[in-house]
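As written, the chain order gives the labels A, B, C and D, with residue 1 at the start of each chain.
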Amino acid sequence: MRNSIKRFVEKISESILFLSSTVTTLSVLLIVIFLFKEGLGIFNKDPIEEGQMVVINKNNPIRKVVSADIKNIFDQNITNWKQVGGKDDSIILFRMDDIGNYFTEEQLGDTFQFVPQCLAKLVDSIPGIIAYIPSKYFNKDFPARELPMEKITVGSFIKGKEWFPTAQPAAQLGVYPLLIGTLIVSLGAILIALPLGLATAIFMAEIASERLRKILKPLVELLAGIPSVVYGFFGLVVIVPFIQQVFHLPVGETAFAGSVVLGIMALPTIITISEDALRTTPRAMKEASLALGANKWQTIHRVIVPYASSGITAAAILGIGRAIGETMAVLMVTGNAAVIPHTWLEPVRTIPATIAAELGEAPHGGLHFKALFALACILFIITMAINLFVAYISSKNKMSKR
Amino acid sequence: MSLIIETKDVNLYYGDFHALKGISMEMQPNTVTAFIGPSGCGKSTYLRLFNRMNDLIDAVKITGTINIDGKNVYEKGVDIVELRRKVGMVFQKPNPFPKTIFENIAYGLRVNGVGDKHFIEDRVERSLKQAALWEEVKDKLKKSAFELSGGQQQRLCIARALAIEPTILLMDEPASALDPISTSKIEELIHELKKNYTILIVTHNMQQAARVSDATAFFYLGNLVEFGTTKDIFTHPNDIKTQNYITGRFG
Amino acid sequence: MIHLEEELNVLKQETMNMWQLVIQQLQKTEEALINFDKDLASEVIANERRVNAMELKIDNDCENAFALLNPVAVDLRFVLAILKINNNLERTGDIAEGIAKFISQAKNPFETQLLEITRVREMYMHSIEMLKDILIAFDTENTKLARTLFRRDEMIDEINRNANSILVDYISKYPESTEQALNILSAIRKLERVGDQAKNIAEEIIFYVEAKVLKHTKKGLLEG
Amino acid sequence: MSNSKNTGRIKHLKQQFAFGIFRLFSLMVVAILFFILAFIIVRGAKVISWNFLTGMPEEGMTKGGIFPAIVGTFLLVIGSLLFTFPVGVLSAIYTNEYMKDSWYKRFIKLMTNNLAGIPSIVFGLFGMSLFVNTLGFGDSIIAGSLTLGLLTLPVVIRTTEEALKSIDNSFREGSYALGATKLQTIRKVVLPMAFPNIITGLILSVGRVSGETAPILFTVAAYFLPKLPHSIFDQVMALPYHLYVISTSGTNVEESRPMAYGTALVLIAIVLLVNILANALRRYFSKKVKMN
């Protein structure tokens, strides 16, 4: 009897434990589902707000226009249909706000009940017109043709050179500048952090006395513990003005500032992981090198560092991963300009910073909102790939050292 | 009280690796049987069959029967917890729990549902006496078990095993981590315990097997090469492999 | 008491039992010789089988002790000494048997005068005393007592040396008793060897207790 | 002879040079840390006062205190740990003590690692779509706590696993050999031994939770909310978000700088405290073990 109760309790607790163990997997799964459900929603859609559309005169032979050209047309950078492969005819822009320029209030009616007819007349009469109108006015009898727009594809999303999700009528959803921004900031961070971090790791693992190491180690942990928003704040009040002064820039909020802050933030990751890797070098190996007459430095750079190289690689990659995903500090110091930077001393905008900055203003369920989720998908894929790669390195490493 | 132990055609596989190959042998009550052989020969694996400690290892497959008093311990429905209470075990490294000396010995009783304070106290004292440790620790039962020396810790582990009154005692190289003095104390203890228990001991130390055991089994590459009285094995072994091993001419 | 000690004690006890038996055998031959008791002589011959069996048992136990107990230092010397003492005792047993054999084959009782002049009884006394003393020395690990043996052995030697000329005289006087005289001579020779065995045992005891090798050295025999 | 002497000297010089660089770089790292700490502590200390810690923000967050943010962060920490700690510890127990080495175990491990690698902003997005929108919690303490909890879950799992792994198998075997069941072994032997390290991990995750901003941006954090919450479905202010807001987009960034320094100092103080506590605990327990 007692034993059967024992066994029952045993089974129950095991099930509870099992359920807990599935939480992480479930979370990852849910994250994937939620991110990609929203994020993939932007693809194969017109880059236009729902309920709106762009129409042209029936006789306009133009077949297809990419969304970048639409923006240029509405920004009046393109003024002739010829430029986008149509007839030689100047482009007449029409937005709903402009309706007053063409019709009087009486024509439109007290309750604007005549708007559809007015619009029809307008579009029909001007051959070079391009009109951005609510799609509710567009029906069978409407004497115009919807301008077929290139749908948003994965390719255009990745390669698009402009990020302007709130552009009217066609949102510009090009991740390229953000991607470049993210990479340039992260790469810069790792260029700063790797030499510093590796040197510190070597110093701690091989050169410093045990006492000094016992002081350094908690300091590094402390560095890791400081919240990113504090780093961001520090960057904002110290590093940004400093860079502005030193390089005589109009603004200090630059990719470089982001790199410096991220570099400092990546230091603990790099130091801890490389130090652990360096410490795994078997004592016998070090002693063998020393016994052959090598001095400490030769032993370090010929035996210990090569032995720990895969661990150090993992540290560097994880450092990059951290930097790529970091949000707040970058958001606060990089200036957030969504343009492709040419030098380090220009403002940039990274993917996580974009999400953080824009999500608050993006209407729920809209194209912009979904585009931000698509950004998160990219971020997720990048960090996932980095994690898998690091896991692969360390598992291979474990195998070969066995 | 003690039982006859026998194994019939026992095979054990770790995944694809055939670790024990058709082992059959029989052990008499109130004797010490030693298992010797080079590392990886299967002697420890064999020992751990008797309290089903191998169950804790992944991907183990076992065939054959292991009878303790005529009952196959690998039969379906055997209560492993009950089996382990009957078959005590002492490990290679002393492994007292990070508790007091008293609590270490009381542990086995408590997990087996004993709550009576006086009973536990009596049993603790008795086990410590049996393990020849009482005199050394009676004034510090409330101290941590880690304060004891290695040899004392191992005797504490033996006392811990004895407290739940097993009938069989498995010892997996019980003295290999100890200094010679502690080792000889453990060996003396084995001689004493033999009167009340059936003891199976794995040892890599042939002299130890010779000193403490009544019967000796020599394992090699998962095979039981030779099994006989310790006297016979150490004075005129039948198998040339046994001879080479015990004379140190192995390999 | 530790296990090893127990086992070694058993070995010691066995050896001492054999020892007692050998002394008895020797005593019985003396009695048989004096009283010309052929039954007693045959009893000695029969008992020799027991001595031999005991020797084999002790040999076997020593082998086991080496194989199973891993004796070292004093314990090792002890087992080694037992092994040799065992051998010496067995030889002593053989000597008793040899004497008993010619007693049982003799046709007439031995002449009292012959026994008198050859000092056989004195020799018996010395050799048996030696065996007894050395047994005490063995039991109590008394090397001082063991060392007194060597002086006694010299007395036996002296009797042995004199026996030749005495017997030559005797044979020339009583040629008809030549056979008897030769038998006595061989008994004397045998008893002289008992002295040697006892001396060897004494050496073994000193070896095992003090770890000193006295064999083949004249020096130090009388020390202590 | 002189040649080898020369090589020896060059060898030595090279070492001196390399070590010099390592020392310099390490010193730089320490200097950076101290500079950040000193900068924020010195500037922040001027602002810290009883009123600052216990008062409500006033005049467009340029005056007054940060009490609601402190309370908010405290509630978020408690809330997330209430979720993370049991789930994380139980999960680690299951994978480490119950699971045999199989593809499934490796899969779970991989998932845990992946969860750890996901950027915090992604957690924010996820938390917003699941807790705030789908489950309808709205911007609330519970949504924020759960999001933060998910974020720290891998940390708790990993430290617990490490703690469990560091316990020698011989203790478990010793317990089984005495007829203890698995549950008894875990409860009476494994967990008590792992406890110090698990607690240390827990404390460190407090530090992490209290400093995270991105996950709470869209799940709980209020820009300006000078009152205390009444239920777990209320929004709260939180220290890190507050710092972000007043240093970048407050009504008057320049005027609220002192408040920002003060907030940063409070955040750093929490981190320092957590680290000191964790280290002290670690040292206390390791000393205790050594004494034993």
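Going forward, a contact is a pair of C-beta atoms (placed from the backbone, for glycine too) under 8 Å apart; a residue touches a chain by one contact, two chains touch by 3 or more.
Quick caveat: nothing in here was measured; it's all calculated off a predicted structure.
Of all chains, the one whose Cα centroid sits at the greatest distance from that of chain C is A. By C-beta pair count, the most extensively touching chains are A-D. Computed from the mean C-alpha positions, the centre of chain A lies at a distance of 24 Å from the centre of chain D. Per-chain Cα centroids separate chain B from chain C by 49 Å. In whole angstrom, the spacing between the mean C-alpha positions of chain A and chain C is 106. Centre to centre, using the average C-alpha position, chain A and chain B are separated by 61 Å. Counting partner chains per residue, chain B has residues 81-82 touching two or more of them. Counting partner chains per residue, chain D shows two or more touched chains at residues 181.
In chain C, no residue touches two or more other chains. Interchain contacts give a graph that is no line, ring or star and is not complete, per the touch definition above. Listed by label, the pairs of touching chains are A-B, A-D, B-C, B-D. Chain A makes touch with chain B in their complex at residues 2-3, 6. Chain contact summary for the complex, chain D toward chain B: residues 100-102, 168, 170-181, 184, 188-189, 192-193, 289, 292.
Against chain D, in their complex, chain B makes its touches with residues 51, 53, 56, 58-59, 81-82, 84-85, 88-89, 91-93, 95-98, 107-108, 110-112, 144, 146-147, 157, 160-161, 164, 170. By the touch criterion given at the top, residues 79, 81-82, 113 of chain B touch chain A in their complex. In the complex of the two chains, the chain B residues touching chain C come out as 184, 187-188, 191, 207, 210-211, 230-231, 234-235.
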